[in-house]
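Each of the two complexes below includes chain A, the first together with chain B, the second together with chain C.
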Partner chain A sequence: MVMEIVCPAGTPAALRAAVRAGAHTVYCGFNDETNARNFPGLNFDRSEMREGVDFAHAHGARVLVAINTFPRAGDQSIWHRAIDDAKLSGADAVILADAGLLDYAARTHPGLRLHLSVQAAAANADIINFYAGTFGVKRVVLPRVLSVPEIAAINAETDVETEVFVFGGLCVMAEGRCSLSSYATGLSPNMNGVCSPASHVKYHDNNGELDAKLGGFTIHRAAKDEPAPYPTLCKGCFSAGGQTGHLFEDPVSLNAEQLIPQLQKAGVRALKIEGRQRSKSYVAQVVRNFRAAVDALEAGRPLPEGMLARLSEGQAMTTGAYKKTWR
Partner chain B sequence: MPQPQVPHCPAALARILRVAPLVPLSLALTAFCRHIGKRHPGLFRRLGEHSRVRFVLNPVDLPIMLCLAPNGGAPTVRALRGNCEGEARISGPFAALLGLVHGAYDGDALFFSRDLVIEGDTGAVLALRNAVDDAELDLSQEIAALSGPFSSIILQTAAFAERRTGVSMARPEEDLAW
Partner chain C sequence: MELTVGPNQFFWSAETWSAFYEGLADAPVDRVVLGELVCSKRLPFYQDRIPEALTALAKAGKEAVLTSLALVTLKRERKLTAELAEIGVTVEINDMTALAHLPKGVGFHVGPLVNVYNEGTLAWLASLGARRICLPPELPLASVESLARAGTGLGVAIEVWGHGRMPLAISGRCYHARLHKRTKDNCQFACEEDPDGLEVRTLEGRPFMAMNGVQTLSDSYACADYQVEALAAAGVSALRLSPQSHGFARLYQLYRERLDGTLPAGAIADEVRRTSPETRLSDGFLVGPSGVSWSAVPALP
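What follows is the complex of A and B.
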């Protein structure tokens, strides 16, 4: 069976581009705080979602709706309505993180396929089987903290499909529990759907040196010949204890393209590309690349050479935790 | 697939813009922008709370700047030879700005590589980038739609200029691999 390519779409145009470029599945969200990419000008209103699902289905692709933030106390109805509307739009599944929402979806829409978001940080077979047994979860998006052997160990102990990230931004925190953005701006990806919200980001060109500020804190200063800094606190460059460096995480991007055969052997069903905040051009290029890779694998051909470096955050790549060389 | 290198804008265009009258140019650009807004209403809708922000578009290889005020869907464009006042500024080679409109380049990639510099209201810049990306604009087609019987000449001229200069004059055809 060909591994499924699951692609991001921040706009209807990106959804159409992903489908045309060969995506088996596209994930997207509503234009509110119910999804973890709640950025200006991004995402789908209700009618755009229905049209997007129709377009994908007409081309043989599936649509997953990410409702993967955690409901605010007293305001759960916003998240419940998003689940109801995803079902109405004809979406093939919803991606949820919060146990209360999983319970609501399982009780209210028993036919709706449930995927467990990476935000739920389910990193062992026991918790995955709990979600499957309790709510009927059919697929889990694994946190980006597991090695390939650990993923194989999980798949050996569960019938739940596993989906793993293969390309895009990385996150240094325990998945789903980031406090850095909240500390600097008062807004977080988990509650408000915005990591380092653009409204709190400022860039200033200072005679070729580029300063990046988040919530008033200077988080990086890039020299003239360096790539522009990524505006998240976790990838900032700081001076502390007489040393200057990336205190939390290097500004590198995940690229596990060459690990696809090992991930397939480990029992992974689907490969996820990060980047709903990126452009239609990015989506089309990355999707084409990964679709060519899984088709080559299925046909027994060597994987094509990766050519995605310039599209990555910080223009540098890593295989992340899949190869835990530090252990 | 790597991002293509951003080509240089022909020096002749810069020479023309050094002496071109800016009032008629501003009026023409405003009319053109309103025409685009009518054909792509989602463009200004996507700007949301940023639809009253004044954007400064600074093509660094041309002697003018453009001040775009969306005005909630009744946009105006002013071309200036001095500095432009605005809440959000996007600077980069003219070919990069045109390529972004046409979806030929990824905006984040151009930003990380320092081909583009943004200053001021980052949220507004992001909203504009996303709105333009979703609108799937083709400026040659938009001009052709206004040109009546001359539309085919416009499209042929744009295609010729793109071949000669490498500057993105129209939306590239998608590679329908599947």
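What follows is the complex of A and C.
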């Protein structure tokens, strides 16, 4: 079976572009705090979601709705309504992280297909099978802490489909278990659907060097002619033990395109691309490349090489935890 | 309100570990959670001392509880997690994986590294047997109030992070090893040099975080001193004190007196700053604009 390409769509236009470019599946969210890319101007209102699902289905593609933040105590109904509306829109599955939401979805909409979000950080077969047995979860998006052999071992012990990230932004910490952002800014992925939010970023000219601050903390400094990367906390520059540098992770993004054959051998069902905040032309190009890669693999042809180099210009690439030495 | 001593987050020598738990036998605390939370590679150094510590604490009238690991990936970590349920001591789950191994109908506790953000998750955990939940440090007072109310109705005691460096993230990567140009699998236990974590500063030299192997902590020590009355009014049943290498015996005395009403708001913070001026305090997750901030005023006047 050809591996499934799961693509991000932050807007209805990006959804259509991804589907036209050959995405098997598109994932998106409602325009509120129920999804982990809660950025201004992004995401779908209720009617856009219905139209998006109709468009995708008419072209033979599927739509997954990410409702993957953790509901705020006292306000759970906002998240429950998102699940109800995803079901009404005809979406093929919802992607959930919170156990209470999984419980709600399983009880209220027994026919609704459930995917376990990467934000649940289910990192072994025991917990994956537990989620399947308890809530009927059909697919898990694996956290980015596992090597390829570890993914293969998980697949050997579960019938739950696995989906892994292959391209785009890279969390260094176990997903859904990080509050660095709210420690510095008050806003977090789990509670607000944002990490290192732009509203708390300031650039400051420091005698010819450009300081990047997040929540008032200087975590990057660039010389005049150097590019200044966005100050994401875990990829910031810090000092400890007499060293100064990117102590947690370099400002890299994930590119596992060359590992696709190994991931397939490891039993991975679907390949996920990060980037609901990206433009529709970016999404279309990444989708075309990955679709070409899985089609080549299926046909027994070699993978096109370096196909995405241009998209990541100026940004270093990593295969992350898929190689054990990353740890 | 009760006092719970949370699991030690750091890598201490076996002798230091034993001395710490021996000292807790006479401490005015109600509950002690012990065992390895952060890194399974540390456990063999003191694992054989755990049964003795459990027995001594139980004899001293404390509720002794065993923690699960915070991130379970490897085969031996899954085995360790499965074995926890067989020891016959209450388990505090700090990774959902432990749920897969607990026998049905056996009560358990939930630690701060399990994402309990709302009433739905609380009720679901209660239906599986959760009797006590220490909430994630990230939660604001309004959430604590809602969850304590829900917990009361379901017979689940709610606990809040009271004092100590806060766990902010857990990773597959070991940052101590990375700092020493090693990988996690060949870390040579670089974290043992830092009994309270290694200070991480920003580029302007401000202390910001603390590195602890695969874990990242806050630089600041959470301190619920000013918020004791607000937490009591919310129905919180216990404060959690997180082990630190220095001054812990004085700290639990201070908190006991504060909870008993013999110390006023601010007394703990004042003493911490007097005796340890380099210690930065925070209560921003509960009552401030961000986790790092410090109110120095009670939310409940």
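Annotations
One rule holds for everything that comes next: the second predicted complex is superposed on the first by the 306 of 327 C-alpha atoms of A that agree within 3 Å, B and C clash if a C-alpha of one lies under 4 Å from a C-alpha of the other, contacts with A are read in each partner's own complex, and residues count from 1 in each chain.
In this text, a contact is a pair of C-beta atoms (placed from the backbone, for glycine too) under 8 Å apart; a residue touches a chain by one contact, two chains touch by 3 or more.
No experiment lies behind these values; they were computed from the predicted model shown.
Once the two complexes are overlaid on the shared chain, A:P12 sits against chain B while remaining clear of chain C.
Look at A:T108: by the touch rule set out above, it reaches neither chain B nor chain C. In the superposition on chain A, contact of A:P40 is made with chain B only, not with chain C.
Contacts of A:H204 after superposition: chain B is touched, whereas chain C is not reached.
By the touch criterion defined above, A:L247 lies against chain C but remains apart from chain B after alignment on the C-alpha atoms of chain A.
Contact with chain C, but none with chain B, is seen for A:Y183 once the two complexes are overlaid on the shared chain. Of the two partner chains placed by the overlay, only chain B lies in contact with A:A21; chain C stays clear of it. Between chain B and chain C, it is C that contacts the larger number of residues in chain A.
No residue of chain A touches both chain B in one complex and chain C in the other.
Partner chain B is touched in their complex by these residues of chain A: 10-14, 17, 20-22, 39-42, 197-199, 201-205, 210, 224, 227-228, 230-231, 277-282, 284-285, 288-289, 291-292, 307-311, 313-315. Residues 70-74, 76, 97-101, 103-104, 120-127, 129-130, 143-146, 150, 153, 172-174, 176-180, 182-186, 188, 190-191, 211, 215, 217-221, 234, 236-241, 243-244, 247-249, 321, 324-327 of chain A are the ones touching chain C in the complex. Residues 1-3, 46-50, 103-109, 111-114, 117-131, 133-136, 174-178 of chain B touch chain A in their complex.
Those residues of chain C that touch chain A in the shared complex are 70-75, 77-78, 81-82, 95-97, 99-101, 113, 115, 117-125, 136-139, 142-143, 146-147, 150, 166, 168-175, 177-179, 183-185, 198-206, 208-209, 211, 216, 218, 284-285, 288-292.
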